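I've put the structures underneath this note.
Here come two complexes built around chain A, the first alongside chain B, the second alongside chain C.
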Partner chain A sequence: MTEMTDNTVNESGEKQKPRIATAALCGCFGCHMSFLDIDERILQLVELVEFDRSPITDIKEVGPCDIGLIEGGVANAENVEVLRDFRRHCKILVAVGACAVNGGVPAMRNQFELKECLVEAYINGIGVENPQIPDDPEIPLLLDKVHPVHEVVKIDYFLPGCPPSADTLWTFLNEILAGEEITFPYSLIHYD
Partner chain B sequence: MKNIENFVSELLSATENAPELLLQDLCAIQQRYSYIPENAVEILASKLNLPAVQIYGVIDFYSFLHRKARGTFDILFSDNITDRMLGNQSLIDSLCEKLDIEPGTPRIDGRVTVSVTSCTGICDQGPALLVNGMTVSGLNEERISKIAELIEEDTPLSDWPASFFVVEDNIQRSDILLDDKIINGSAIESLQKNGSDALLEILEQSGLRGRGGAGFKTALKWRFCRDTDSDQHYVVCNADEGEPGTFKDRILLNSYADNVCEGMTLCAGIIGAKKGYIYLRGEYRYLLDDLEQTLQKRRDANLLGKNICGHEGFDFDIDIHLGAGAYICGEESSLIESLEGKRGIPRKRPPFPVTNGFCNQPTVVNNVETFVAAAKIAVFGADWYGSVGSSESTGTKLLSISGDCARPGIYEYPFGVSIEQVLEDCGAHDTQAVQVAGAAGSTVPAQEFHRSIAFEDLSTGGSFMIFNQQRDMLEMVQNFCHFFCHESCGFCTPCRVGGALMKDLVDKVMVGHATHNDLKEMENIGQIMQQNSHCGLGVTAPKPVLDTLEKFPQIYMQRLANRGFEPAFDLDAALEESRQITGRDDAEAHIEYEPLLNTAGQDES
Partner chain C sequence: MSTEKTFKLDGKSIPFQDGDTIMDAALRAGEYIPHLCHNPEFAPHGSCRVCIVDVNGRHMSACTLPAAEGLEVDNSSERIMEQRRNILQMLFVEGNHVCPGCEKSGACQLQAVAYYTRMLSPHYTHFFPKRSVDASHPDIAIDFNRCILCELCVRASRDVDKKNVFSITGRGLESRLVINSASGKLGNSALSASDKAVSVCPVGAILPKHVGYDQPIGDRLYDNKPISVVGDVASANNQQENAND
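The block that comes next holds the complex of A and B.
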């Protein structure tokens, strides 16, 4: 298990709040939405932590952080880059939700050849005009298969669920910030 | 097309449209056409009154059934570790090269497909293959060249050299079970003379336990079944023999078939069954004709049929059902599902087959060897049987010995024999390990060779694979992990997913990319599979990994990457397909390897 280290003290002698970053790779942002379902508790959270890169702050580059939350699986070259960047900068990296943990819905394309998927979407798809497979260097290349995040970098914690409920995320963050062992009541980790 | 329709219609009218014969019908269609054509499925669906998706579900479940044509010659190389040790891989390459094909893909002209399949039970005479379901043993370069010629010339199988299809019994050591066969009808006479209560008593005293591996007391099983009230009772002989490295039922079915049937008839007499089934693995199709003949001879001799041996009201007959390449169908409840013509998904237990088996009726399922032993005990008595063996395990056990030894084959030993003794007798030297009881069994290192074959020590269905000091034990582990991953029925997540993850991790170790964390993960996954799988397959599937992690850690350690973390796959290679499709080769179209990426916040142990 990876422990939170003691909060560092900044130049003016104040205790610094732990920094959290979040990112969505190949997912639907549902885990982020679920995170927002903590509702008014977000006010408590901002008392406890500082947000780094995240859709909440709109910061684009991740800086040194204590906790990184990753939603979504790894489907293209940019996902790999972002994920590695998070791993470089975060002491604790957490796979959040089914796509990060298993590849999830996007990984359903793993049943097919990449070419078949692209042809279906960009050549033969209903309503496609000017059919062509995009090759602009601005667009990240797709990996041949979608992978869970732990197959690309070391992951410290896995929060399953599609999405993990707000209570699950809230419980996790509280426990990890308090340096406690991560445990959940059964109701938060059963899915049927 | 008309042809197919006629064939299927005739097939179905011959079997009176019985839905439980679906799998048998599919096997017949596959055998005739090398696949199951769509219009065949339509006819089956309408005549058997089954949804087409259910039929496709069955086709997709069994490895030997296909939706696309395999061609005139469908070749499946047996790919057990013992076949590999005998060099099957270069033979596969050689045949594919001669025929100019890729493994698994039918040749354009529709002539031939070459692929691999799980152990075909010819380990003592391998490498082996199946061509249109028939076994060819003793493969070498010469045979492969000849086979390639025969295929190119489109020579029908019936004109191939008969020597190719010879499978010897290869009995190297016999004891009380194999030494002499009982006279046909003598076990039935004993039952009539003593009555079923006394015979169950004799069986109980003999201490006979099931020979399929689990070792359940046979008398108890038969008694439970007999005492379950029902109109119908069934006897099923488990001749699925799917455990890699096991081939002892093969010789019993080949040369002791009468004794097998006698044991089944004895059981029928005791439990009150009118109907029995032999579930014969598809890999043993070559035994089918002879077995059918044995059954017919027994009918002619009034050893099967109505009023058996003149005993009023003792009616019993046996049908043979073929499997279609699914190891899980050796598990008794899957076997019953398969007998009913369905996908072989294990049932929830309890209830057990003795109360709710075939068609939900009380059913005895026993291994082939168990039936032979029971028949002999009925004739020669409990003391005769109990005089050999150990206290917990009376009698003898047939071992199928293969791998690194001078004399592979069938060895019958009294229970309690030590591994050392067996190795000496079969001419094994310089032995590193023995895999007892197949892929699902135990890996036994040299320092444990004093241990014995017995239910109280090393329990086994009969597989005994020998590995000498030159062998790389990780190749065995890898072979077994791929086997289990392929054979998982897919019903429960711990086995379906766990097995696939385990296979990927072993592959990662093999290519030198695994780290300490990966080994921990393998242990973790193994425990989850053992504790949470629905049936015995998933429970035993991680065993080769867990056993060797404990007893042969060096095969993993010497291959570990000297880093805290390694990706599970080659990131840059994963972009290759995209590069091909888009024609891009710019910097962004590549991913650099970054070994020291993951230093933050990690435990390296």
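The block that comes next holds the complex of A and C.
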């Protein structure tokens, strides 16, 4: 397993905090909400780390980071791009939640042809007016299948759960920041 | 005077009787060996391989290996646990096990054994097979996405219910559960909700209808205690049925 390396020292000789980036791919944002469920412990966390790209900071581009947390599976071309960008920039990349770990609920569309899904939603959907399949070039192209993140890039740690509880995320971050082995009590491992 | 025959399980002496498997003797002694296709009420099947143990240097399934004097059985080393995790990971990627969308979640033996072995990821590439759901029966639904081919329903329907509703057809990757009825649908079969075959399913494949979320998530068999403590889905169902009688 990948280890945290020593923090780099900045120009004024101070130790820099580890940098964390987070991204939501094809998920429901529930894992990020669960992350925020650490509640006031987030004050302790910002003492320990610096946030890079994340919906929490609204920074759009990921820079060199120690830890990247990925929520959601890989369902379109933009997801692939973001995931690869995270892999390039993060020393440790973590699959967070059921969708990142195994595709989750979005991967249930893998039972059908992509075209069937689009027709069902945009042509035959109840209440659809002026039916057409969206094809604006700004919209990322959907992949044929939804994939777990480990099928696209190397993943260092997996945190299952839909979502992983705030305690699971908190335990993981504390252990990894302390350079400890990642272990969870029974109550913190669940897939639902 | 001690004429009792024993073998060693993780260094502990386990007494056994003639005809016992390693699993029989371990269960009687209150020792947990992870398993999915095994149910003490039925003849051993040996198909899921989750009960793999190291016996004097060989890897064997505990549910099919006859107990013998002097065996040294490793049931808990990291090496054995890792093999079990790999087997479970293969079971997970081979089907479509979407725990957040499954009403059996929290009371599913596949999930519980995976928790027990500390499985955090599926590791392998998902097959995402295309399988169907059969909801044609008024009281029971079957979701083939979740079937792990343990054959417990096959055994229960044949040996206890005497109905032969289920069978496995095909070989290797083509193996699948089929229903013995004119239409191939559950609705035309002889299955009824009180059949043994319905209560032995360790996963969310065979589900009684209309009771899906009677027991809330968070309050289910494996939500707070590991399977090594609370036991199998089928035995919990038995206890519930006895309590209802």
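Going forward, the second predicted complex is superposed on the first by the 189 of 192 C-alpha atoms of A that agree within 3 Å, B and C clash if a C-alpha of one lies under 4 Å from a C-alpha of the other, contacts with A are read in each partner's own complex, and residues count from 1 in each chain.
Throughout what follows, a contact is a pair of C-beta atoms (placed from the backbone, for glycine too) under 8 Å apart; a residue touches a chain by one contact, two chains touch by 3 or more.
None of these values were measured; they are calculated from a predicted model.
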Fill in the blank from the handout: So, after the overlay on chain A, do chain B and chain C clash or fit? They clash
Practice task
State whether A:Arg84 touches chain B only (first), chain C only (second), both chains, or neither.
Solution key: first
Handout entry: Touching partner for A:Glu116 - first (chain B), second (chain C), both, neither
Key = neither
Exercise for the section: Check the residue A:Glu151 against both partner chains and state whether it touches chain B (first), chain C (second), both, or neither. Expected result: both
Exercise for the section: Pick one for A:Ala98: touches chain B only (first), chain C only (second), both, or neither. Expected result: second
Practice task
Could you tell me if A:Glu61 is touching chain B, chain C, both of them or neither one (first, second, both, neither)?
Solution key: neither
Exercise for the section: Answer with first, second, both or neither: which of chain B and chain C does A:Pro140 touch in the superposed model? Expected result: first
Handout entry: Location of chain C clashes with chain B - one stretch out of 37-45, 55-63, 217-225 or 235-243
Key = 37-45
Problem - chain A residues contacted in one complex by chain B, in the other by chain C - result: 145, 147, 150-151
Problem - chain C to chain A touching residues, read off their complex - result: 92, 96-102, 105-106, 111, 114-115, 118, 120-123, 125-126, 128, 130-131, 217, 223-226
Fill in the blank from the handout: Within their complex, chain A touches chain C through residues 95, 98, 101-105, 107-108, 110-111, 145, 147-148, 150-151, 155, 157-160, 162, 184, 186-187, 189-192
Practice task
Flag every residue of chain A that touches chain B in the complex, lowest number first.
Solution key: 1-2, 77, 80-81, 84, 87-93, 113-115, 118, 133-135, 137, 140-145, 147, 150-154, 156
Exercise for the section: Give every residue of chain B touching chain A within the complex, in rising order. Expected result: 517, 564-565, 567-569, 571, 574-579, 581-584, 586, 588-589, 591, 594, 597-598, 600-603
